[in-house]
Structure formats: structure tokens, C-alpha cells
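Which chain is which? They are A, B, C and D, in the order written, and residues in each are numbered from 1.
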Amino acid sequence: MKKLINDPAKTVDEGVAGFAAAHSDLVRVVIDPPFVVVRADAPVAGKVGLVSGGGSGHEPLHAGFVGHGMLDAAVPGAMFTSPTPDPILEATKQVDAGAGVLHIVKNYTGDVLNFETAADLALAEGIEVQSVIVDDDVAVKDSLYTAGRRGVAGTMLVEKLAGAAAERGDSLDRVAEIARTVNSQVRSMGLALAPCTVPHAGEPSFELGEDEVEIGIGIHGEPGRARIALEPADRLVDRLIEPILEDLPFAKDDRVVLLVNGMGGTPMSELYIVFRRAAEVLAERGIDLARSLVGSYVTSLEMQGVSITLLKVDDDLLDLYDAPVHTAALRWGR
Amino acid sequence: MKKLINDPAKTVDEGVAGFAAAHSDLVRVVIDPPFVVVRADAPVAGKVGLVSGGGSGHEPLHAGFVGHGMLDAAVPGAMFTSPTPDPILEATKQVDAGAGVLHIVKNYTGDVLNFETAADLALAEGIEVQSVIVDDDVAVKDSLYTAGRRGVAGTMLVEKLAGAAAERGDSLDRVAEIARTVNSQVRSMGLALAPCTVPHAGEPSFELGEDEVEIGIGIHGEPGRARIALEPADRLVDRLIEPILEDLPFAKDDRVVLLVNGMGGTPMSELYIVFRRAAEVLAERGIDLARSLVGSYVTSLEMQGVSITLLKVDDDLLDLYDAPVHTAALRWGR
Amino acid sequence: MSGLDGAWTRRWIEAVVAEIATRKSELTALDRAIGDGDHGENLDRGFQAVLGKLDALDDAPTPGAVLKLVATTLISTVGGAAGPLYGTAFLKAAMAAGDRPELDATGLVEVLTAARDGIVARGKAEPNDKTMVDAWSPAVEAAGAAGDDVRAVLEAAASAAAEGAIATEPLVAHKGRASYLGERAIGHRDPGAESTALILRVAADTR
Amino acid sequence: MSGLDGAWTRRWIEAVVAEIATRKSELTALDRAIGDGDHGENLDRGFQAVLGKLDALDDAPTPGAVLKLVATTLISTVGGAAGPLYGTAFLKAAMAAGDRPELDATGLVEVLTAARDGIVARGKAEPNDKTMVDAWSPAVEAAGAAGDDVRAVLEAAASAAAEGAIATEPLVAHKGRASYLGERAIGHRDPGAESTALILRVAADTR
């Protein structure tokens, strides 16, 4: 394990401290209870507050998306571990301006349970809270007999569009509805060429041979659903995008946002090679590439790999996508 | 070597194609001669044109910085290999609006010679060209007896500030002067925890033991000046920032932009741990952290490592830094 | 001693703290195989925090008071799935214990049952879903059938939990992160079932 | 044949194309040690492009015409440091050859001298800076002292270039990427000097 860290037990603390130092114009950071990253000007009068969070190790998600037009607060837990209810409750209180608070929760047992408790506690303090569970990962079969699909890179699109709706003044009900709509129209799938190593574990989350690829990985260094031999990028892209297209399904003339997301250790040059093929597949199917996003936004530490996300949009959702956003990791329009 | 590529010989072609597909709102791409990435609305009437370029493998540099407020064209060469004069000349012609063209060239023999030839050819066609050589890397001793210092991450700050000056309508002389001023006030140094592998070479650019760090690396997978045992991040940061501070030197009450730049395979979480210590050192020295930038902007394929860049600014340079920019990899203010 | 008093409860928890610290990397390794490799860290973080708070207890706390302190501390320090689940288990156990000064065999079975029911209510896992429920449920059943000696009840619960944990190995998971793996989870023991077995084994061994 | 005509020049270049293709990875490996690992690829890309253009030549081209074609093709396809440097070398060589139908020993020495001077003018490297100049300069000197038989001149140039390339090994570099390495460049042969030696060796072996 070779990392730019000091003490494996302090990576989250020091990463949050560095984030706070770099973005003091955008956020303030609560360290007790640890940690809450709050939009500098929260609570914003009259606005629904948006809170998300989850285990650390997925940077820039979620703290990198705190700011105008996106989240009001992010709650980073320990490495790959959902935060406890205390900081979630604290975040909820700090961003509540009386218009209510939306919790955006990735669908993992730990996240769901801890946010659930925090929401109960907030309700008990008189804060109106709604929750939206994000579960965009098509690698996991959604059924009554599993924990359901995971929330992966699509989460950032839920945060972006719901954030824009909150910023324009939509009500809590409406913002929650938009978040649910986005979740229902976004699908993702990822793969890894190399695993990541959780600092305190000191060993890779799984082992991969020099010519193996893990397909259908999550964002917590979980192994995926299948291991195959390494193939050319275009073929691997097909293996990700086809299940995505079939799942919703995405059809001819649909308009989509295409997100090609690096898992943390993948260079931009490879993401663009992936993007090239993904866009080609969409063109072949007559699907309209309305917007493109390429970068490492929802990561698994230094994992080498990529995920592909498609979001089906209409005019209203596209307006929300295009709306100004000013956060550490996503910024346009201001 | 495990990469998301198809054919090692086609990585640049396909990467450029992917970039063009993802950012057709921002750029158009010339494929003959290969390759020129041109701002979609070039030439911009009355504006000095900015052209940069160099070997591929440093993405998002330079193509990611083409757009409003930064470059008018980027010329990506083969992997880690300076482009030839033909596409540089083509770029120069495409962005010339009669106000002249500035070439921003990283100080490598190949880049300097090829841009020199292109500038001569452009002059012969009646285009006024000036060149600025960027050499911000303090790891390399600048002396009459070497090829001089290398251009590394500071290049993006030269491009940003000169780009803002061109966008506000400064003359070629003035834009060139600003670029030279920025270059004279910016210093960088980098390290690697793991090397990169050039696709066609198929082997890492150097070998590093599991507990070794290469200090003073360039951005072409060149080995650095010294190899040391792995240390805590804070100590490594000190090894980078101290030579930087001494070189200019940066002194108490100086105002600086601090760029913590990932080399391609380094996750954001580690960059923030590095940022934390770098900001701490500045505070200890009484140096004023005016602006912060954290991300992987000037990379060496999937190299795992980081570089630190400091730029000393005054009010005018800070205005240029803050001016709106709209490119694929850097965007604010619009 | 015929029943389990607050001092015993405290000794048990102190022993759990030590045991989790010792077996942390083993639990994490189990979680790395079919989860995300943090279960040992998570519990250790939580129980270390518990250790720091034990001194805030009364001189002669009730079992319920100790259990409540463990519950609230785990809830606010563990996170992940295990935090709310163990937190709920200890909270429900504390509520079942009430302010009784001692737990006899019947009381102990009530407490264990409440803990298990709390986990099931929160996590919605059924038996054979390959979760900690697969250690808790057999433990509760064995405890109920063990008669009226608290030591026998503890021993029965610990042994059944250990067997239950082992019995998760051939299962496909239907809850938690291991469920993402489908067939590939087969052959691995569930980390939460293992930590449950460990906690109950320590109880049986605590005098 | 007493002099070198255009057909010979073309045969030489064709043999260089083949030799570079064969020794590409060797050159790249040298460059990986003290540069950026692309020298073989760069030259191969350039000379393959040259091969594709040779048929555009006249039936009976002059040596100068062949050299000029090589020059312009290398300039527009190689890139990096080697592209402009070899491009300039061949361009200056072509200019020195002029429209002479054949090069005798004197003409050949003029051509080699012009190539070397072109490289020095572009790259500003001095002898012992650990660059291709360290192969070219001894080659030019040996060629000048080899008398008036073209074959002897070629053989002298090729041998001197090979020795010059080897002699770069103990040097610290003062130009090119290897200069960034300081003392660590010691012990490695300069890739450009090696490719120069290879190109001149092929010339001596071309009949």
C-alpha cells in the first residue's frame, strides 16, 4: 500500500481539514460531531436544505458538491462507512431554513439505517425531513431477495438536479419528487482494472490478475459480479452500457446525459477513450446525447476503473442540469 | 500494463476523438494534420490567439484548457512527444484574428524546437507570433550547462492568466509580458509513488520499490533527481514545498495561488491531505493563501503522485486568475 | 451469584472491548471478502468509545444502564450497518432489562430475544439471509431451551451463535453488501454473524 | 561506383527504415532509462512515413532530392527533440548535396559536416553534452581524415559514430531530457547517439 497519507487512522480527518482549508470560500466544517461540511451561507433563507453523506473514500462526492445549486451539507463518515446519526442530525439542523430538508441517501443498509435514525431525531426536533434513496447500479439485481441496487455515480446527478430545484425555490415535496424522478431515470454500471486499498486495512479489497477485469463493481472496493479476461476498452464499454440501455430501457430519440466517471486512479485520457465508444453506441441506437460529463466524481479511493451513467432527461430536467452550480468539484454558470 | 485502451498505437487518436465528442460545444478538432483542438468560435475578432501544445499524456493539459478565457488552440502530439510543426502552424493560422498569436511552450528541447519552426513558418505567412517558454520546475537546476528547467504544472497558470489577458483585449506584447511575468513568479515540484507506463512501451517508465518515492519527477515519466524511502505525506510535502519557497523566494506577506496537482492516478482524498500540510506551511511562514486549486490538471498518464505549485500574485494577476474561464477542465464565472 | 448484575454486565463489556480489539483484523478480513473490509474497524471504534464512557456509570449500575450506555455509544460512533443494528440490539436489550438489578435466566432470555427482535425490525433480514441474524436467532432459541441457570443459558447462546456463524458459510446473501455478490458470497462466513458469536462467547466466559 | 548516387541514397534510406523498425524497442529502452521512452517509436514513425513517400521520387533522383524528402518527412512526422534535429540534419545535408548527381568523398564529407553543423546550430549542444552530437562529431572528423574513397569515408564515419555513442555512457548530460537526471544519467548510453551510429553503420553497409 503506497499512499500520500500520514496515519491511516487520520486520513478522513486530514482530508476534511484540507478540503476546509482549500474551500473556505464555499464551506464551513463542523468537527464535533465529526464531520459535517456545510455550505458557507447555510441556512439559505426560504430554501429547502439538501443533505447527503456516506462513507469517505468517494471524493469529491459528497463534500465536493456542497455549494450554490447543489448540496447544503455533506456528512462524510469513516472510510467506506456510513456516518452515524449525530452528524447527520447536526447537518440537518444547520441547513434547515424552515422549508424542510431532503436527505439524499445511497442505498446501502448502513446509510439507510443511519439516515433513518437521524431523520427520526430531526422530526422529533420539529424539522420536516424527506428522504430519497438512490439506487442506480444495474450490476445488482433489484429484487425483494437482496438489499436492492446500490447507489453509485448517478447520485451526483440526483444531487445536481435536486439541488437546482431547491435553489430555484421549489418546495420540499417538489424537490423530493424531482430527486425521485432523477433516480428512476438514471442507470449506472462500473468495472475495475485494479482494486483499491482501504488505508486501515492495508490490503487491496480484492485481488485481480494482471489480465483480469472485475465487472459490476460497487464504489466500496466490493468485488463485482463477474471476473473476465482483460479486453479492449470498446468491448468493456459495451459490457457496461448494454445492461444500462436495456434496464430502463433507453430507446431511440431519448435524450440523455452521459457521465463517464473515473474510479479514482484512472487518467482522463482513458476516460475519453471510454467516452468515445459510449457516445458511438448511443449514436448507433439513435439516442440523443444531450449533455456530457467526464471526470472522476464518484470514486473508490485509488481504484483503477470506470463507470458509465446515463440519465434520461426532458426539458425540465435539462434546465435543472444546466442551472448554475458552484461547488468545489462541479461548477458552471457562475 | 492494464489500461482502458484499445490499440496502444491509437490511444491519442481515440482520446482526442472522445474529447471532441464530449466537448463539441467548446471545441472543434482538426485531424489533418493531426491534431489541433480549436476553440469553437475561433478566431475571436480582435483577440490575441493563444496556442499551446506538447506531448499527449498530460490530460487535461492542454486540450482541456481550450475555451473562453484560456487557450484558443491546443496541439496534442504523440504520447509524451512534442507535436511536429505542421499542426502547430495550422493551430496558429486557425486562431489568428489579426492581433497576433502567442505560443506557450513548455521548456523541453523537442517542444521548443518544433514550436520555433512553426513560428518561423507562421511569420513567413505574415502572422505575428511571440513565444513564451514555461520553466517552473525547481527540481531541475537552471544553469547554462543543462537544458534548463522543465515546464510542469505551472503551465496551466500561465495559460489561465495569459488567456484572461487576451480575453480582456490586451495586445500581443502585453499578453506575452503577462505570460512571462507569471512564469517568472511560478514554481513547482513533484514526486511519484508509482511510475506511469507509456502504452506503446508497455513497461513502466521507471521502477520503484514498494517503500520508495521518486522526488523531483517531471511529467513525462522521467525518473526524478532522488529516490528516498516512503515517508508520511506531511514530510513529503515539506520536501516539495521548501525548495519552492526558497527558489523564488516566497516571503512573508506574499500573496500566492496554491495548486496541488495530482499526477493522474492519485485520488482527491490524498490531494487534500497534501493540501492541508501545504497550507499549514504557508501559514507558518506568514504567506497569504489567496487562492486554492486542487485537482489533476497536469498529469503523467496514470502516474501516482503529486506536484505542488506556488504562484506569487498581485492585484492584477489575481484579477486575471479570477476572470471567467469556460473550458472542459477549468470553469468559473460563466 | 444466581443472576447477572450490573457489575457482571460491565465486566462482560470490558472483555468484549478487549476481544474485539484482538480480533479486529480477522473481522475486517471476513468483511473484505464479501463486504467492504471495515467491520472490525467499525466495532473496534465503537467499543473503544464505550470503554471511555464506562467510568461515567454509577458505582452500582443496573444491567439495563450498562446496556443503554453501550447502545447510545455504538449508535453514535460505529456507523455503517453494524452501528444501527448493534445499537438497536443493545437499546432493545436495555429496555427489556428495565431497572432490574439482576437478570435471572428468564430475564436473560427476554433480553436476548429483545436484542434479536430489534435487529430484525431494523434490518428486515430473515434467517439464512447470511447476516448477524443467523447467529442471533439460534442463540435466542438455544437460550430459551437451556433451563433456568444463567450460566447454562449463556453457554447455550454462545455455542449456538458460533454454529450459526459457521452455518452462514454456504449461504448466498440476501441482505447487506454481501448480497451484491450473488453466488460469489458462497464459502465465506458473514462478519456480523462472527462478531455476534464472539460477543456472546465472551459473555459465556465472563465470570 | 566511385561516388554515391541517388539510387544508393535511396537504398541506404530503405535499409535505415528496416533497421530502425528492428531496433526500435532497443532505442526506446535506452530512452526510458534517461529520457521519456519514445525515441525508437519517434524515429520509426518518421522513417515509416519516409518509406511511404519514397515512391513519389523521380526515377533517378539526386542524392540531394532523397535527403530533402527524408528531411521534410521527418520534420512533419517525428516530433520531439529528434524530429527537428534529424530533420535539420537531413535538410542541411540536402542543401550541401545540392543537385550533384553523385557524391564523391569530398562531397560526402561536406554533406556529413553540414548535417552535424545543422544539429549543433539547432540544439546548441557541445561535445560531451551526451547527445547525438557525440556520435556525429567524431563521425565527421573521422570522415574528413579517411581519404578519397567514399567507402572508406563511410566506414570511418560509422566506426567513429559507434565509438562516440559508447563514449556517451560515462557522461553527465547537459542537453535534452537526460540533463534533468544529473549524476543519475551516468552509465547509460544516449539514445540519439545510438540511433546516429545505427544510421551511419547502415550507410557503410549499403552497397
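Going forward, a contact is a pair of C-beta atoms (placed from the backbone, for glycine too) under 8 Å apart; a residue touches a chain by one contact, two chains touch by 3 or more.
Values in this document were obtained by computation on a predicted structure and should not be read as measured data.
**Student:** With chain centres set to the mean of the C-alpha atoms, which chain is at the far end from chain C?
**Tutor:** Centre of mass proxy via C-alpha means gives D as farthest from chain C.
**Student:** Measure off the straight-line distance from the CA centroid of chain C to the CA centroid of chain D, and report it in whole Å.
**Tutor:** 76
**Student:** What whole-Å value do you get for the distance between chain B and chain C if each is reduced to the mean of its CA atoms?
**Tutor:** The separation of the two C-alpha centroids amounts to 55 Å.
**Student:** Could you put a whole-Å number on the gap between the CA centroids of chain A and chain C?
**Tutor:** 32
**Student:** Residues touching two or more other chains, restricted to chain D: which are they?
**Tutor:** none
**Student:** Listing for chain A: what residues touch at least two other chains?
**Tutor:** In chain A, no residue touches at least two other chains, as defined above.
**Student:** Considering only which chains touch which, how would you classify the arrangement: line, ring, star, complete or other?
**Tutor:** Topology of the interface graph: linear, an open chain of contacts.
**Student:** Where do chains touch, given as pairs?
**Tutor:** Pairwise, the chains that meet the contact rule are A-B, A-C, B-D.
**Student:** Flag every residue of chain D that touches chain B in the complex, lowest number first.
**Tutor:** Residues of chain D touching chain B: 28, 32, 35-38, 41-42, 45, 75-85, 122-123, 173-177, 179-182, 184.
**Student:** Give the list of chain A residues in touch with chain C in this complex.
**Tutor:** 33, 55, 77-86, 108-110, 113-114, 116-117, 139-141, 145-147, 150, 198, 200-201, 203, 205-206, 218, 220-223, 225
**Student:** Can you list the chain B residues touching chain A in their complex?
**Tutor:** 2-7, 11, 14-19, 21-23, 56-57, 59-60, 64, 193-194, 210-211, 230, 232-234, 236, 260, 264-277, 279, 289, 292, 294, 296, 299, 301-302, 304, 306, 326, 328-329, 331-334
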